[in-house]
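Both complexes shown next keep subunit A, but they swap its partner, so subunit B is in the first and subunit C is in the second.
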Partner chain A sequence: MAETRFARAINQALADAMAADASVILLGEDIAAPGGPFSVTRGLLDKFGADRVRDTPIAEAVIVGASVGAAMGGLKPVVEIMFMDFVTLAMDALVNQAAKARFMFGDQTTVPMVLRTPHGGGLNAGPQHSQCLEAWLAHVPGLKVVCPSNPADAYALLRAAIDDPNPVIFVENKALYAMKGELPDPPPSDRLGVARTARPGRDATIVSYGAAVHTALKAAEALARESVEAEVIDLRSLQPWDEAAVLASLARTHRLVVAHEAVEAFGVGAEIAARMADVGFDELDGPIVRVGAPFMPVPFGKTLEAEYVPSADAVAAAVRRTLA
Partner chain B sequence: MAGLTDVLLPKLGLTMKEGRLAEWRVTAGQPVRKGDVLFVVETDKIATEIEAPADGEMREILVEAGETVPVGMPVARWTGPGLAVGDGTGEAAPASPPPQSKPPAPREGERRVVATPLARRVARQRGIDLARVAGSGPSGRIKAIDIERAAAAPGAAPGTAPGTASPAVGASFAAGPTPVRRRRPASRVEAAMARRLVAAKRDIPHFYLSMQAEISRLLAIKEELAGAPGMPRLTLNTFVVLALGRALADMPEANALWEDDAIVELGRVDVAIAMQTDAGLLVPVLRDVPALGLEGVARAAAALAEKARAGNLALDDMAGGAVCVSNLGMHGVAAVAPIVNPPQAAILGVGAVQELFRPGPGGAPDLRREITLTLAADHRVLDGVRAAGLLRRVARHLERPALLLRTAA
Partner chain C sequence: MKQGPAVPSRARSNGLPARELRALYGRMLLIRRVEEQLGRLFADGEIPGFIHLSIGQEAVAAGVGAALEPRDTAASTHRGHGHAIAKGVDLDRFFLELLGKQDGLCRGRGGSMHVADLSIGMLGANGIVGAGLPIAVGSAIAHQVRKTGAVAVAFFGDGALAEGAVHESLNLAALWKLPFLAVCENNGWGEFSPTDRQLAATLEGLAAAYNLPWTDVDGNDVEAVTLAARHVVAEARAGRPQVLECRTTRVRGHFEGDPQKYRSTEEASAMAARDPLAIAVKALAALGVGEASLQPEAAEIDARIAAAVARARAGALPGMAQARAGVYA
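Presenting the complex of A and B:
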């Protein structure tokens, strides 16, 4: 076991995947010599050379479009989009090409690419560099969406994403890059679509993913002092998501809160809440409560942003509400 | 047809899934009185006469005599209250009137029952009328716990003297053994654990010794240490594991197992710790506990706990040791008499810290903080005197915490 930072675990996953498979290449803005804006790709240019670690122009539609083509041609591109906000520019390549190719060409081709991109606020990066847009992508059949909460998962899920024959969006919360955590040696392997119980509990279930898992754990700790034992489920994959694990937890606790940093309205939480209200109806002993950011752009100002990102207090309050 | 409810094929036994409607004793259009036999159901075991739970009029026969139908299927429609199935596998009378069991009556003024889905399900299973339950949730919403409370209240149990005014749903079927709420096959881990526990309790001649340890000084030292920089999380169990390790080191003859008619003394003091995880009870083993010291025990135990939580414990992690610690103190349990985990030969049950007064010198009350240690031991390996010696050493180590912290010689 070694302590590793989140960004470093992603770097190691990329390096190990590239060493294991010569068809894995990296594309992105400033990822080669500068090592990426968050230093995630640092050192990979030296290790694998400029053919496999390519700096691109500032043109997201081109980067992702080229990756879709490269993937269909037999490579396994891992693209970095510097901020998730810029995924807007790559939407046609992602939604109309990457997600559709396997279906439209009768399974003659797959698109084994990964799009890595950071989301989330807390860095005073303003409304155009802080958004959590994963729900958009989880809504598109043909795309998979992954969002790890710790270094070990970041490693294992990125390796699984690169190995997956389908296009996978790999979402990294900026606030986690500096987080330290255990990365076992040899590093773990895993598959997509499996949730993890981050903390067991009997009174209420908090479903979360990414950085919000830590908010949920903090809330669970606070609730434990009130003798409320909240179970925290870390989804890890959003598309596909582990419905069975969430339902099993709900069947034990009979109460559900879904917490994420993304805007609450029309979000991932809405999907989970709606599914559980259906398949878990008779298990519910209280309303399903969502916790997410308010329905407004991410504010720039430090104090405003601190209010904007959902807090542990907000998650704890939601648990108390469903227990009322 | 408003005002009619379904008469359902009742569930007459826990395993009953279907029944043959052997005979109708009433015909459509016939008025019936409470207690009249409506029809006869045959299962593979028995023929049962089904009585009307209230007065009413049979309007429509849906299933002919001789047909076999699943439990919960409507067999007729009548003007009386809905007939419940018996254990909740089907709902009473999903026809027009709500399953409130009142005779058809104008519904004006009847308040809507606000209840959670789980509360509704539990009420259905227990035969509790939601209209008579007070809700403790927001705006009087009925929650599952309100149903449990109502069910526990005297006279509220289904089938107990329904009275004349408002017969409870399915009152005439709810007698007999307690209904099953849920039945699920044991998981593989649960089944394996069950086999091991049965074998352990059957094959090991257990006996139990209890002793109190006064741990005020230990708690003070623990609190002082907890603030130290770089100190891993210390729990009372950290100290108990170390104390047990030291006690076993003091008494190597107690660090022993029973194996094929031989007593095997172990050459290193390893201590097992019982841990509750999602996958069930796991018992990983700490190696060479006396050499680890306090911080070492804390770190090693935390690492094993994390592995256990993540489901990554290897068989090697759970092998070895002669004695195990099972601590339920955090759950407020006063004393624990655990089952020995073979091939180990003893297990130490640890209870919660209790504050109490004991007569001090001169008889004045002396405030003490005590835990109850209960050693369950295999009599083939440890006799009463030896087990008492081991237990006393554990207690003495806990009562002399400064010495416990001393690095192993």
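Presenting the complex of A and C:
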């Protein structure tokens, strides 16, 4: 067991995947010589060379589009998009090409590529560098979406994403990069689509993912002081998501809150709430409550952003509502 | 295709031997007859959706296709039937796909705008204008990293030249010295509007801006296209990415059924004078290959197409369960 930072765990997953498979290459803006804007890819250029660790121009459409072509040509590209807001510039490549190739070409090819990208607030980076757009991508048949909450999961899920024959969006919350956590030695392996119980509890279920898992855990601690035992489910994978695990937890607690940093409206929480209102209807003893950011652009100012990102208080209040 | 009767292999200076020109003519004729048949099938309601024909542009597909090796890869466009045929797509499975049948190249999930055959390096037609370039650039990256020695080609029309992804692709190909060839089929039309209303630049100027060698060729002269393509493919294979601009003619509308109220009768007659098949027939005659001696090949092509259409009509329709089996997320 070693304590490792979230960013470092991703770096190690990339290094181990590249050492294990010569077809894995990295593409992105400032990822090679500069080591990445968040230092996630630091040192990989020296280890694997400029042929496999490539600094690209600032040109998201071709970076991601070329990753599709490279993936169809026998490589496993892992492409970094510097901020999730910039996937907007690569939406054709993601939505019309990566997501469709296997299906529309009748299974002649797969597209084994990973797109890594940071989302979320916490840096006061403003409306164009802070968005959580994962629900858009989870809405597109043909894209897998993963969002880890800790270093060990970041490692295991990134390795699984690179091994996956299909395009995977790997979302990293910026606020987690400096987070320390245990990374077992040898590091863990895992598969996509499996949730984890981050904290067991019998009174209510809080489903979350990414950095919001820690917000949910804080809320659960506060609730425990009121003798309310909330169970926190870390989805880890949004597409596919672990419906069985959420339903099993709901069947124990009969109360459900879904919490994420992305705006509440039309989000991942809406999908989970809708499914549970359907398949879990008989288990529900209260309303399903969503907690997400308000429906507005991410504001820049320190006090504004602090209020914008959903708080542990908001999650705890939502749990109390389901119990009322 | 089987060889026709023996012909003299006399060649003009710097030209192609008659045997090769004859094969190119045959390939163009196959594309022409396939597309004419597609036009009829579409008009009769046997092809779902919509189709874009490349009649008048066959020399580009045949000429560039002839310069490629089997290991080379090509990304195509919504007007891509000719590219697929020139790369050597199986005609039976091609027609099965166009009719939306289960045994089609794409299991009936893609259709005309997504014809692909990865087994021969055909990376797919594409319904998004300009989207083939980033994919071909990526394929070229794979060739470069894996040292396959292959070239990746992107076909696109002049209508794609205003798309941002095209510019990003030309820049990256030049920057990374990729084994990449951009083939522009300049037919003067971007969908329903002339190029000069869509583009402030020229491809020559754009290529120069991106430090890419630019070659201009009469895209309706299959011999000229082939000779130019051989040169630029060899250059690209050596890590010197290239742009090949082929001046050609879109004889039909943007799509089948397009009333084309935006086009003049003068343009139609000018296009007829530049028919790539007629140009090739004339060149063959100059090499001593008379038009009558080409008849057996034409008959054979028609028989092959008729057989493919019959098989496609008899093909089973795909079920939804089969289509859903291709879904992973």
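The working rule: the second predicted complex is superposed on the first by the 324 of 324 C-alpha atoms of A that agree within 3 Å, B and C clash if a C-alpha of one lies under 4 Å from a C-alpha of the other, contacts with A are read in each partner's own complex, and residues count from 1 in each chain.
As a convention for this text, a contact is a pair of C-beta atoms (placed from the backbone, for glycine too) under 8 Å apart; a residue touches a chain by one contact, two chains touch by 3 or more.
All figures in this text were calculated on a predicted structure; none of them were measured in a lab.
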Clash or fit (per the criteria above) of subunit B with subunit C on subunit A: fit
Which of subunit B and subunit C A:P200 touches, first, second, both or neither: first
Between subunit B and subunit C, more extensive residue contact with subunit A: C
Contacts of A:L284 with subunit B and subunit C, given as first, second, both or neither: first
A:N166 touches, of subunit B and subunit C: first, second, both or neither? second
Distance of closest approach, subunit C and subunit B, by C-alpha atoms in Å: 27
Contact residues common to both interfaces of subunit A (with subunit B and with subunit C): none
Touching residues (chain side subunit C, partner subunit A) in the complex: 73, 75, 97, 104-110, 114, 116-119, 123-124, 126-128, 131, 133-146, 152, 164-165, 168-169, 171-172, 175-176, 326-329
Parts of subunit A lying in touch with subunit B, wherever the complex brings them together: 1, 182, 197, 200, 254, 281-286, 324
Touching residues (chain side subunit A, partner subunit C) in the complex: 23, 25, 51-52, 54, 56-57, 59, 61-62, 64-75, 77, 92-93, 96-97, 101-109, 141-144, 166, 239-240
Subunit A-touching residues of subunit B, taken from the complex the two chains share: 116-121, 137-138, 143-145, 278, 303, 306
